[in-house]
Each structure stands twice: as structure tokens, then as C-alpha cells.
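The structure's right below; bear with me while I get my questions together.
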Amino acid sequence: MSEAGIPAAPLTLEGSSVLHQMFRIRWSAWRRASGQEILDEAIPALEAMGPRTALFGLLGHKGDLLFLHFRDSFEELHQAELALARLRLADYLEATTSYLSVVELGLYESSVKLYQGLRDLGVEPLSEEWERACEAMLAQQAKAMHPRLYPEIPPRRYLCFYPMDKKRGESRNWYELPIQDRQGLMHEHGLIGRRYAGSVKQIISGSIGFDDWEWGVDLFADDPLVFKKLIYEMRFDQASAAYALFGKFYLGLRYSVSDLGALLSGTPSP
Amino acid sequence: MSEAGIPAAPLTLEGSSVLHQMFRIRWSAWRRASGQEILDEAIPALEAMGPRTALFGLLGHKGDLLFLHFRDSFEELHQAELALARLRLADYLEATTSYLSVVELGLYESSVKLYQGLRDLGVEPLSEEWERACEAMLAQQAKAMHPRLYPEIPPRRYLCFYPMDKKRGESRNWYELPIQDRQGLMHEHGLIGRRYAGSVKQIISGSIGFDDWEWGVDLFADDPLVFKKLIYEMRFDQASAAYALFGKFYLGLRYSVSDLGALLSGTPSP
Amino acid sequence: MSEAGIPAAPLTLEGSSVLHQMFRIRWSAWRRASGQEILDEAIPALEAMGPRTALFGLLGHKGDLLFLHFRDSFEELHQAELALARLRLADYLEATTSYLSVVELGLYESSVKLYQGLRDLGVEPLSEEWERACEAMLAQQAKAMHPRLYPEIPPRRYLCFYPMDKKRGESRNWYELPIQDRQGLMHEHGLIGRRYAGSVKQIISGSIGFDDWEWGVDLFADDPLVFKKLIYEMRFDQASAAYALFGKFYLGLRYSVSDLGALLSGTPSP
Amino acid sequence: MSEAGIPAAPLTLEGSSVLHQMFRIRWSAWRRASGQEILDEAIPALEAMGPRTALFGLLGHKGDLLFLHFRDSFEELHQAELALARLRLADYLEATTSYLSVVELGLYESSVKLYQGLRDLGVEPLSEEWERACEAMLAQQAKAMHPRLYPEIPPRRYLCFYPMDKKRGESRNWYELPIQDRQGLMHEHGLIGRRYAGSVKQIISGSIGFDDWEWGVDLFADDPLVFKKLIYEMRFDQASAAYALFGKFYLGLRYSVSDLGALLSGTPSP
Amino acid sequence: MSEAGIPAAPLTLEGSSVLHQMFRIRWSAWRRASGQEILDEAIPALEAMGPRTALFGLLGHKGDLLFLHFRDSFEELHQAELALARLRLADYLEATTSYLSVVELGLYESSVKLYQGLRDLGVEPLSEEWERACEAMLAQQAKAMHPRLYPEIPPRRYLCFYPMDKKRGESRNWYELPIQDRQGLMHEHGLIGRRYAGSVKQIISGSIGFDDWEWGVDLFADDPLVFKKLIYEMRFDQASAAYALFGKFYLGLRYSVSDLGALLSGTPSP
């Protein structure tokens, strides 16, 4: 319960289940493999996954390929992961890392408004009436925001992925700030993102309880320099400067599954 | 000794010995193995372990399989671990991590009440009389709480496991708080858990002296989103916001041992 | 927005895309390989990359070879990375680490001057007029600084590479300093570099959004002791002493691609 | 020199040289090996090492076997390590970690008493006379404490091993406390240990200059739950709560060398 | 510039280039190798490196062998590293870590004296005249200290090596202390070392810009217990207690190159 007598946690909406899989290609083994046979099995199988699985080539030693899967449940993600693992192609891939999350919309503004309204009406926080009002708001928002909760993978050339936490330091602790203060910081943070909306598509997914960081951030753009400009500018806003903790960054180039052979031969067409 | 002249450590009860074993499947080797023969040895052996060993499929690169063992002693856990290691199946498994602990019930409320009662009676802390009173309370509680100390593995579809510590920072140090303050924080923390009791079953195990974190947390649910909602809400309570330090998170799907073949062929039925 | 009502982030210019690739040589395998054949394929391919790819021998266990690629885009860097990976030589190289960045010029001085000028003229920060003025300044500077944005790889004997961050500590946080203060600290920092300009050539690249640190620093010199003297002296300036966080350091000796055979035979001529 | 004009470092006594070696068993290779032949070489060699080498089975992925060696010098430890490495058994063991230290008795009480006595007599700290008095005290104590300096390995069923440091934080720094304060904290700490003396045997070894932590702690008991109770209770004393930093914990079950074959076949008798 | 108007960085002298190479022996492969042939190649090659390359056996899992090379340049160190890598022996060695540095003498006392003298004469810091005076002092000292800058490897039985940094914490920052304060702390620190001069030979090397820590420390002694006593005592002086950050510790026993065969057979004579 925050100081103002309203809950500290904002309400959130969850949508697609998301799995990032990063792989290093075993180039030596691949060079000696019957590549065409393996591709003849892999490409149709990957294409059968449809547009909710996307292929990226990664730059640098942290991986060569990234598969991004959006699904309706962890059950389906597990099926996708196993489907990939049972391909002969998997013999030539070494998993370097992965990230499990669900698309999340944090409803700071609506939550604070609802909480304050209910409190002003004298509704007991977390009472049945309170919970019903929250459920109603969530149901309404889930409907309105359906396209953002179950997005398609934006068809941009470049991907930037990184996980992040909000800091819980000894003197600077996001989770000890009043919800109204967090709402203000998130609002300021969102304004920066809005100015980049034309050139960067952003999908936030939540991973508390699922993976080692609290959120995953996926940015999609045709010009990778906008990732740098956007993130650098955000680093100075209070929500990031004081409270954000960042994991590793992954930079990928989108390829269609049919390019996989060219990618593995080292000669993809840009 | 805490400031109020009573011991700082709450009494705890210990129950089942617990081992989490996480494995990556060596898919390439498995694809070339005489799978059926290996399963014909492994499945009966695993089934012979009974309901106190459960199998989970893990999502992501941190592992493909998790075996959760509840036993009556470390001796028996060691037997289980060796029994698994001597299966031919073990040739196709690579241990990525593990966790050793014992089911624990922290008796903050009863301890504070008992300590204060004894102090008010003028009993010398840690005197023979004091210790006898503690032993008596523990014996009584152990009896009353037997089912929670030696639980069965909850038959839910999803598992969330993570280890955690209480922080000992330079200005925020759980172990320097008076026991009454810690009792209050744990009480508040417990209230959140109670609201989720219908949808999440929680088992806490202690690992001080046994493994690298102080506690292990296992959550069992049929809908994995409740893990996120519960842990996110708890992150704002004072016990977590200021004092909790979290390790890696593991997300598993429960399978029966008889599904192992389907799982290893990449085609488990959901 | 910084306190003075002007943006907190300085404007930056970006130039060449940069990839550092560090490799360990698989000496045992190489000793048994048909070395000449492999070199006959590799050397022409590497030479065809031209002067924007440079070869260094690394000291110590962190790697034996470093390839430094400057290109016009991440697309081209990816092509270079794949071209190297598809060489038979790659069978004898194990990637130990890498770094992805773009040459960056941070325009603290011009930005503060421009921001203050616009503010004094009453131009609304981030308004269309404001952005136009920024774009105009950037376009002009990009032209003037073209050789520094798209530099050639300095032909010095020694390379020192390391990544770095600016700290965001609980009490010391670079990103919470007013832009004028950061400008002053960067100015002081630059004065030290200027005194070493004759003996050290420095190229700064930015990697926010691309790799795990905020910047990469490449120093080139004929005498490696000047790396130590320069960095030690800088460590005492306020920008470094209080705010710099350093990653791993790599020390390399420049070799021409045609020396690769001698290097792999363990007998390069100095 | 501490504030009171006496040295800050307590005198210490050193005894046996200690090496912990943790190994993972290569189960797959072992399953295919001529096990009996290898054991026929290994068991007599290990038994020849006598009672100052003990064998433990470890729980969890951090290792399967732990060899604990007590010797009279690092020279002898090196001989033991090499003797093990040259066994054919070593082909089936993968070193996961190790710890090098010497049995240490920290003489806080005697040191403070001696230092204060000498100071009161007007002896110049660190003068020849001062050093002679220290040497004399050390010689006397070394004689009296010989059995604790050169202990046998306690014949208990369970081992708990972990390394630790004393913290040197920015505001909480063990090494900046006056020696009298540290003496008081160590005294309080020791009282807890003394209450467990019947059920736990503790051996402290020092590793400053030898390994990556300052001390190693070995606890031996027949009931592993007492490790948890002892360490948990100690975590609340000031010396641990504020100043202790812990490494990884290892939990082992003692086996006689003649059990090695049964252990490697996965079927040791408890 | 420090507060007193004099530079913050002390002058330093640099001498021999130093490379520590730590290797694990691949015991299994070695057991199956034509050991004598390999030694017949390796021993003469290593002996040809002369007394500026020394061989140590390491205790514990961090490595089995350590080669310590002192040379006149990084160029020569690179030659030594490559010469070792091209031996057939290298097939049986796995590099675990390494350290690159140059012997360094920090001239705190002379620097402060010179800086204050020049300031009192009204010489502008960092002016040409100032720099000339510094160069002159350095040239004179380099001559006087030549044997300490280009030392031979002390012929003691035991080696202790560790890297270290000076802390740059939020409230305790070595690099923000006035040079006079640092001089005082280093003086106090040096006094402890001097009392151990008879039993420990110490060589400090600087690695800023070359490797991941700021300094490497090599201690040489015939009795390894003095490493512990010296480092423990130093840990209480202010320079170490408040400002030192330590890396991993390596403990080695000196062997002559001709002992290599005995060492690899697991039977060196002490």
C-alpha cells in the first residue's frame, strides 16, 4: 500500500508470450554438412511457423542468429522451441542465450486515476468492490488495446533487444517511490519515445517471474542509428538516469526464412 | 541478541530435503541415439522414484529439463542424484545448475510471542529453560504443520523457481533489523501471498549452509501469468522492495515421466 | 530537460560503423592443418577488404588475433563478419569477444552554445524551429568533421582498446549532472588528450543500443607506454575519477594481412 | 597502527596446509571405461595418502566429489595434487573448483591483551622488544594449541564448506574498526559457535595471499540441519550481519576411499 | 590538477615488460602423448629463453603451470608467447588466464617534492619548463633505479601473484584524494613492506591500458606463510583497507625448466 492509501503496483495488461532465442552457428561443422538437405527440412518447418516467428542475423560474438517468437501461451512457445530443437539444423546451432517474457502494457495513468477515484468514493482498497472495478477497467482496456497486446512483429530492417530492471538501490529505489511519482516519471519517459514513434517501433514485454530481468525491450527500425539516439536521450530522463539497470544489448538484421541458406553460406543479399 | 533483549533469529521448522536439477538436452547426440532402449531403462527408473520426483520442461536456454526431488534426507537426495547419473539417459543431459535446500517454515509470529512471553516471565534467553520452551513449541508446531513440512509436489501445470537472499547492504540490512520489525514485514508480505492462495501454491525452502542463496522459492500454478502478478505486487512491499535480492528465474511446464519420450522427440502433447 | 530549461543530451555526430572481433587461435588444430591452402584462400579475401580492415596480434589469453573493421553501415559490417566466418581459416579461430559501435563525435561545446542561444531567442526546446536549428548545426559540423567521422585506421604499431560507461551511482550519476557541468568536465578531459595528440591517435565510438557498454575507445601509438601514461593521467581528472567505469583492456600489435602466415607459424617479423 | 597506538592486526597461528579439490565426474566416459582396472590403481594410491585425505560425495551440479587434503606444507599439497592428477581416474574427473588455505587460529584476545600490556610498559610497538614478546607468545600458544593447528579430519557424516571475506564497504569496513571492537565482535561470534560445539566441529583456515577469499570455513556434523541452524543464527550477530561476505557453499557426504567404486557406480551404501 | 595547484598524477618509471601465463595441463591427453619427444622439443626451447622466463607449478584448479616472462618490450613478449604457442607442448596446455604489465616504480615522494618546488619557483604546471624538469628528474631516477626497473626474477621457492585496483567508490575514491594524502598513505604502506624486505621480494608492475586491473603484484619468498602475514598486515593500513580492490590470487612453486618432465609425470622432486 503506498503512502496515499492506494496500492503501490500499477495494473498491467498482458498479451503475446514472447521468446527470444540467440544462437551461434557452428560454422566449421556447417561447412562440412549436407547443407541443402538440412535446409530442405528447416526452411519449410520455419516457414510453417508463420509471421509470428522472425529471423534476425546478429552482429558480433554474442550470436549469429536470433529467432523471435510471438505466441498465445508459454505452451505454444515451448512447442516452437522444441520444433526448432528437433530440426537437423539444430546440430549446427549453439544456444548462447534466450529471453522469456509476455507483451506488457503498464497502465500507470489509468491505475492512478482509478485508484484515486475509488478511494475518493470510499471504496476499501483490495475489497471485492475494488477488485471488481479493477477487473472492469482491465477488461475494457484489454479490448481497446488488443492490437498492441498481440502485435505483429514489425517489418523493419533492424532489431535492438535488451533486458532491463528498475533499480532497488540503498538510497534510490524505484519500488519505494509513491505510485504518483512513478507515474510522472513514466509519463516523461513516454514523451521521448513518442517523438521517435515515426522511426522506431517499440514493444515492451514483462518478465518478472519468467526470466532474470524485469522487462525486455524490443526496438524495430530501418535505420539503426535511431536506436542510439533514442536510448541516449532517454538515459538522461529521471526514470532511466536514476532507476534503470540495463542488461546486454543485441543488434540484429531481419532476414526472411528463405534467406537462411544464403545467410549460412555467408552471402545474404542485403 | 536483538535490542529488546530477545534473540534476533526466529525459530524455523525444517521438512523435506529438496533438490532441483536443471539439465540441457544434448539434442544432436540424442538424435543419433538408440532412443527407445535408453527410455526403456530411464522411464521405469524415474517412475520408481514415485510422486516425490517431478519432471518439468524448461523454457529458454537455461535448461530443457528440470527434475524436482523431495526426499526425507540429503542421503536420499544423493541416492536420487546418483540413480539419475547412472542412467544411460544421463549421457544426453548436461547439468546446467541445481539447487539444494530443505522445506522451511519460518515461525516469526510464534517466535516473537514465545520470546516475549519468556522474557516477561524472567527466563534467561538461551538458558536451559528457555531452550526447553523453544523445543516444546517447535515440537508442537512440527506436528501441526506436518503436511506443510512434507508436502507433495503440487500437481499444477506450471512451475516458477528462483533463489533469493535478504540484503545486507551498508545502510539497508535485513539482519540488523529488530525481530519485531522483520515479523511485521513478513506479515505484510504474507498477506499478499494469501490473496493469491487460490491460484498459486508456494513452497519455501531454506538453503543457508547448503547452497549459494538463503532461500529457494517454488511457485506452482495452472496459469503462469499469476507468477508475474504475484511477484510484481510483492516487489512493492517493504520486505521485497528494500531487502530482497533475487537469483535467476526458471519457468517450467510439468510433464509426467511417461511423456519423457515425446518431450525428447520434441513433440509432447500439451 | 536539464534544470536550465535546455535539453540534457548533447548532440552527437555518427560516422563509420565499427566492429572489433577478437579470436583465439586453435593452435593444435592449426598445427595439423594444410596451412598454406587455408592461407591461400584467406589472405586474398582479407586483402580484398582493403585498408578499412586491420589485423592485430593480441597479447595474453583474451585472444590471439583482433580484426578491426570500419565500414559505412552495419549491413556492410555484417557482410565482413560473414565473409570472415565462411573462410576455412575460421575453423581455426574461436571468437572470444567482439564490440559493435559507430564512430562518434560528442558536440558538448556546440550543443550548449546552440541550446543557450536558442533559449535566449525564446525558441521552444524541441519545437520544430528548435529541431531545424539542431539539424542545421549537425549538417554543418558533419561536413566540417567528415575526416574525423570516417577516419582511416591509424597506421601505428600498437592498439589499445577498451569499452567504458559513465557511472550512474546512487550519489554520483553522470546522467543527472547539468549539461554545462558535463561540458566542463569533458573539456578538462579533452585537454589531457590534446597534450598527447602527437604520440596517440584516439578514436571514440558510441555503442548505446548496439553493445554492452556506452562507448568504445581505440588508442593507436607506436610506443605502448604512452597508453599507460595517458590513461593514468586521465584517471585523475574528474570526468574519469568520479564517473568512468571501464571494461576489459585489449593490447594489440599491428600486422599486415600478408604477415598472417608468419603470425600463425609463431614467427612474425617484428 | 590502530587509534589506541597498538597494531591493528591480531596475531595469528598457522597449522596444516589445506587443499579442497572439487571434481565433476565424467559419467558418460566412466560408464564406458574399464572401471575396475582404474579403481585398482586409484584406491590403493588414495588410501596410501592416509587419514589426512578425505573423500566426500557432493550434492548438486557444483561437483560430484570433493577431496580434502591436510598436509604439513604447500609442497606436500602439490605432491598430493599431482599424485591425484597422474592417476588414470583423473581422466574421468573434471576440476570444477578448489580452495587453498592453512589452518588458522586468530588470537584476538591474546593479542589485544599482549599489545595493551606492552604499551602500558612503554614498549615501542614493532620495536625489537615488542616483536620478541609477540614471538614468545606465539611460540607458547603454538605449543598449547598444536592439536587444533594440526587437526585430524573430523569423522562426521556431513561436510559444509564455504569461503568468506570481511567486508570493506564504503561505510562499513571491518579493516577500519579498532582491534578492540573487532575482538568484541569475534568474541560474540564465538559464543554462538560454542553452543553448537557438541554437534558441529569447525575448522577455520586462512587464505589471504593463497586464494580468492580471506578465509575458508569447514563444518563437520552428523546432522546437516545443524549447519543451517548455526549459520542462520550467526548471520544475525554483528560480525556476520554487517561484515561477512560469503562465497559458494558446498555440501558433502563423507565416504571412505574404499567406497569410491560404489560411488562411481551410483550405488554407495549410506 | 589537484587542489594545491599541482598535478594529481605522480610521475612513474617503467621497466621490463611482463607477461604472466597460466595454463591448465590436459592430463588425459598428456598421459597418451609421446611425452619424451615433446619434452625434447620444449625444454631446449624454454631454456633458450634464458633466466628472464621462469616456470612455476600452481596449486589448485586455476592452473597447473605459470610461465613468467620479463622482456624489454611487448614486441619481445609477443615473440615469447608465440614461441610457446608453436611448441607441440602447447597442445597439452590450456590457457586459463594471463596478465600483461610493465615493471613500475611510482615516484610519489619525488613527484610531490618536485611539483611543490616548481610551484614555489612559480613555474607554470605542465609548461615546457615544468615538463623539462620532470623529464630530467625521471632520467636521473631511471638511471639510479635501473636494477629495480629491470630486475631478474628472484630465485625464491614460492610465488604469490595478484592484480589490484585502487577503488573509485562513491564516497571513497583514491583518484580524488590530494596527491599529498596519497603520498602519505603510500609511505605508510611502504613501511610495512620494508619490515618484510628480508623474507619477501616484491615486484610491482603497472597495467593501466594493458590489462583489466591497474597493477600486478608479484611476491617471491621461500616460506609461503610470509605472503599471508604481509598481506594481512597491509590490509589494515589505510591505503589497502579503504582503497584496495583485489583480483584473484595465484600461488606457485618455482621449478627449473629441466624439471618440466618430472612435473608433467606428476613426480617433481621438491
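When the chains are written out, they are named A, B, C, D and E in that same order, and each has its own residue count from 1.
The working rule: contacts are C-beta pairs under 8 Å (C-beta built on N, C-alpha and C of every residue); 3 or more make two chains touch, one makes a residue touch a chain.
Fair warning: this is a prediction, and the values are worked out from it, not measured in the lab.
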Least step count from chain A to chain E, where 1 means the two chains touch: 2
Set of chains adjacent to chain C and to chain D: E
Chain copies touching (chain C, chain E) - same or different residues, decided at half shared: different
Rotation in the CA alignment of chain A with chain B, degrees, nearest 5: 70
Between chain A and chain C, centroid-to-centroid distance (C-alpha), Å: 28
Chain B-chain C separation of Cα centroids, rounded to whole Å: 46
Chain D, residues touching no fewer than two other chains: 170-171
Chain contact topology (line, ring, star, complete or other): ring
Going round from chain D, first to chain E: chain order: D, E, C, A, B
Chain A partner contacts - residues on chain C that touch it in the complex: 2, 7-9, 12, 14, 19, 21-22, 74-75, 77-79, 81-83, 85-86, 88, 90-91, 95-100, 102, 126, 168, 170-171, 173, 175-176, 206-212
Interfacial residue positions of chain E with respect to chain D in the complex: 25, 27-28, 31, 57, 59-62, 64, 158, 160, 162, 169-172, 195, 219, 224-225, 227-233, 235-238, 240-242, 248-249, 251, 253, 263, 265-268, 270
